[in-house]
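One structure is given below, represented as structure tokens, and several questions about it will come after.
Should a chain be cited, it is by its letter among A, B and C, assigned in written order, with residues numbered from 1 in that chain.
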């Protein structure tokens, strides 16, 4: 099942040391490409992108803190979280006191390694468990970070599922976090398998999947795709998509965009426990897509949301924190939501004065007087009554209380009978 | 009292075998005409009406199922519900098994005869109590339906109460059901007595009462009255108006048409137990009046609504199921609602800068300082304050919490003082 | 503290016999002038003002009812409430029965003297405690009211605190009630001290304080200041501002004017017990400012509202009924509300495509990955995201849930960084 396959992808991607640039992102996109063909883009250091500039590319080969005996007390090879992302190279010996200024721990979770970065201020540092720090005696330590910050590229990948129209649905997930499973290997996995499913049928919209580093990656894509941005009708950011908590949908900045209505409808009518929260300009790349200049109809789907669980941005967010069932459930909601979004259109009743005579067209029971009108007939009457160009099929489903599938079946029958036009 | 008179009309109309065409409708309109003059319209078979065509006229003289001894085991003379409406003529002998395909019962109510029709698919059938069916032994039966389906007419009646303006209020009730008392002899009775009351005073609006067969009758009227339809400002469909349940108001498709606000206001402020439901494209002729091409502000008033009681469309919907008190109560609500509707207009305060000096005009207590301002004075201040052309008297009553009658009295006093204009 | 100072002003103003015209108003404005410079206006009797005319000026020197022994059983010198305001002069002897038609009491509060006026119907009368009336034996009484109704003036005062813009905030309080402390010496005291505070800093808006007799004073000001009325953006009527009840804010007629939103926001977020009520055309001078021709965004702030306490318009509304703490609390809410109102503006994000890079401008923490984003950073992201010209800082505070002060600090920082414009 796809839950297990998605979890296998999470496990495979987990060891890679990713950042906003560098070979970790490239390797991640390569592994995804084995499941889903990706077009990979390389944008040179120094390229202006909106208010930002593509930074130097960062790569790291090794890093450690060793005691005077040469024993590595902190070792990048054990966890890539040990090094502050974008650390400049360093090789020095210093006292524990001097070193302490470069160390980050989580005193409230003494066994966990925190995740820290310093993309835009050149510095270096190590992250470690509080109890590992507590175990370090006074004395001198050798610190070594074998990293490079150099002219290079920012890398992102895209996969497009062509639809019947060129209007686009943008699905995006950030690919810049190192060994953190839920954040966001889970999102990458759901996006990958969702794209595969969509590619298996020709959808109405064109679906664009974006695998890009957070913030700077989304900004780079937005800067380089002004024309495509204009075609984006709807969008969804996938993040923290695999933990065992209930689903959380975060509305777009608009708050009532079609994507908002669709996700809320699917979550509500599915009976799943879930939460819907308003937009806030903090979280993932919805921050960029929903900046006021773009103001796209892009929401975000997570399970436990941004910063909402103690394991968030720590070594405890490992593959065991992500569940195959949760991944499958997130995928199922995306599948259902995009099925509704894809089919939700407005029609115009071509016989709007009085009801058309459905019986003559074989669409209505000939025997009258019974009070148990069939759902299919009710759905046709609802579609006819509300198809005035102002109500979509989702509007009709919500107002009638009928299942979306009944409403679409009614619309199909009425289209076939020449009673509706798009 | 009118409750008893209305019930007497229900009893008088009950035995007639009505359908969407035929002499039953004509006879019904004749009996109503004894109380309320009607203009009767005859529309020939084959006339195109919107998406429909006026059907053949159906009449029936006799019908029965007889056993081999000649005994009538099912007899139209006992109840006109026994024959499926619009049954084609038949005279044949057949086995019980063959016959059974043409028989309709209600297994869950074994003593009741159901009501069935087949207007647009030529067939024949009998309805009977399940226990009558159970008592029929195997063997041959003679079936005889002495009906005609022939070129003829569709018949409907109108009564117009002229008002001070040509804008119209449409009150409609269906007259096509055979021996069913609540559905819709009760509606016919309330409409008849409501029209008599309105005729006794000159209302503001012109009130048009329509007594027409369901669906095809409303469609025929709409097709033939394009100009009048443009004048319909408000409307009410009366159906199932006499059972002992609480009143139900079904909103127009618009949901916030003046008729909706008035009915809800009257029901709410009257303290009656009642229900208000949203429009749905299922029920009575509001389906046609609220089709998207017309989208008239027409609601529907019932007691227990459409298909909401087990007696619905069965022989148990007899005159005993209808109560004189319920008929009188439905009539009272119509009377109150039309009184509000008729008086609900927008005015413009001619002295809108500051309050006008009411005392100088004899409209205000000269003694100041008391905190118990009289309702009449409060009402004048409210009418002055909100009469900006954007608020109607009902708006003012709702916003102020004052009775509608106080608000209209204030408006009358201010009009007389030259402080308001229409 | 200002609570005590305000209460001292209430006590000082309390003995004066005020009415809608006359020396009592002049003396009141003189005493206020000792604390706050006032521009005093004198408008001659007979001047047409909107629908009204400035009335004769009323002054009174003495009044009493004496028994046949010459003993004053009711004496204006003891309480100016004893005389019906605007009483015409009278000097006569009459029986208790004849006299009784001119006497006003409060049977439900037998120890209290009511407050009554008759501005526009020429008559005379006395107000007294019910138990004082009960103690009067049958017999003849001398009645004497030494008043004058003569050509003169209506008097009102203004104080203007100039702001950075000429758009105005109007703060008004009525000055026409005689010895009633809460109604409205409390409002006068709060207005006086509020104006002093505002004058101590240059506010954004120009604040106009109006000390005028109720109704006719407001109408006179409106009639004479057509040009200034156009500049009034916001306003607040202060009345009954010093009793021990919780604060009540009464919305403007518009219901969603900025002053409404600001007062509701400050009351809600301050945690104070309070009530917000909709506009009604009864109360104080908001009646005139919110008449439909002006429809100004003027609300009203009271503690226990209009006619909401038994002491209202009686001798029990004395300085003991007003509390220094309550006066200080009302002042504090006005101070907070005007601080918000004064700072609540809309800005435009000059870098609206994606987030601007705050880190490069020193506005953002360089260390990433932590989940405890600082409030200051959140506030900047909110201001950037919603500064599209359509959201004010108050909108942003309400939508983000962040304190208004954080939002304004963020806006200031972003303005300084050139990321926002007004």
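Following the convention adopted for this analysis, a contact is a pair of C-beta atoms (placed from the backbone, for glycine too) under 8 Å apart; a residue touches a chain by one contact, two chains touch by 3 or more.
Here is each chain with its UniProt name: A, B, C = Aminopeptidase-like protein.
As the structure is a computational prediction, the values presented were derived from the model and not from experiment.
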Numbering shared by both copies at the chain C (Aminopeptidase-like protein)-chain B (Aminopeptidase-like protein) contact, with half separating same from different = different
Chain A (Aminopeptidase-like protein) onto chain B (Aminopeptidase-like protein), same sequence, C-alpha superposition: rotation to the nearest 5 degrees is 120
Whole-Å separation of chain centres (CA-atom averages), chain B (Aminopeptidase-like protein) against chain C (Aminopeptidase-like protein) = 55
Touching two or more other chains, which residues of chain A (Aminopeptidase-like protein) qualify?
-> none
Which chain A (Aminopeptidase-like protein) residues qualify as touching chain C (Aminopeptidase-like protein) in the complex?
-> 50-52, 85, 114-121, 123, 215, 218-219, 222-223, 253, 278, 280-282, 287-288, 290-295, 306-307, 312-313
In the complex, the residues of chain C (Aminopeptidase-like protein) that touch chain A (Aminopeptidase-like protein) are 349, 351-357, 359-360, 366-371, 373, 378, 381-382, 384-388, 399-400
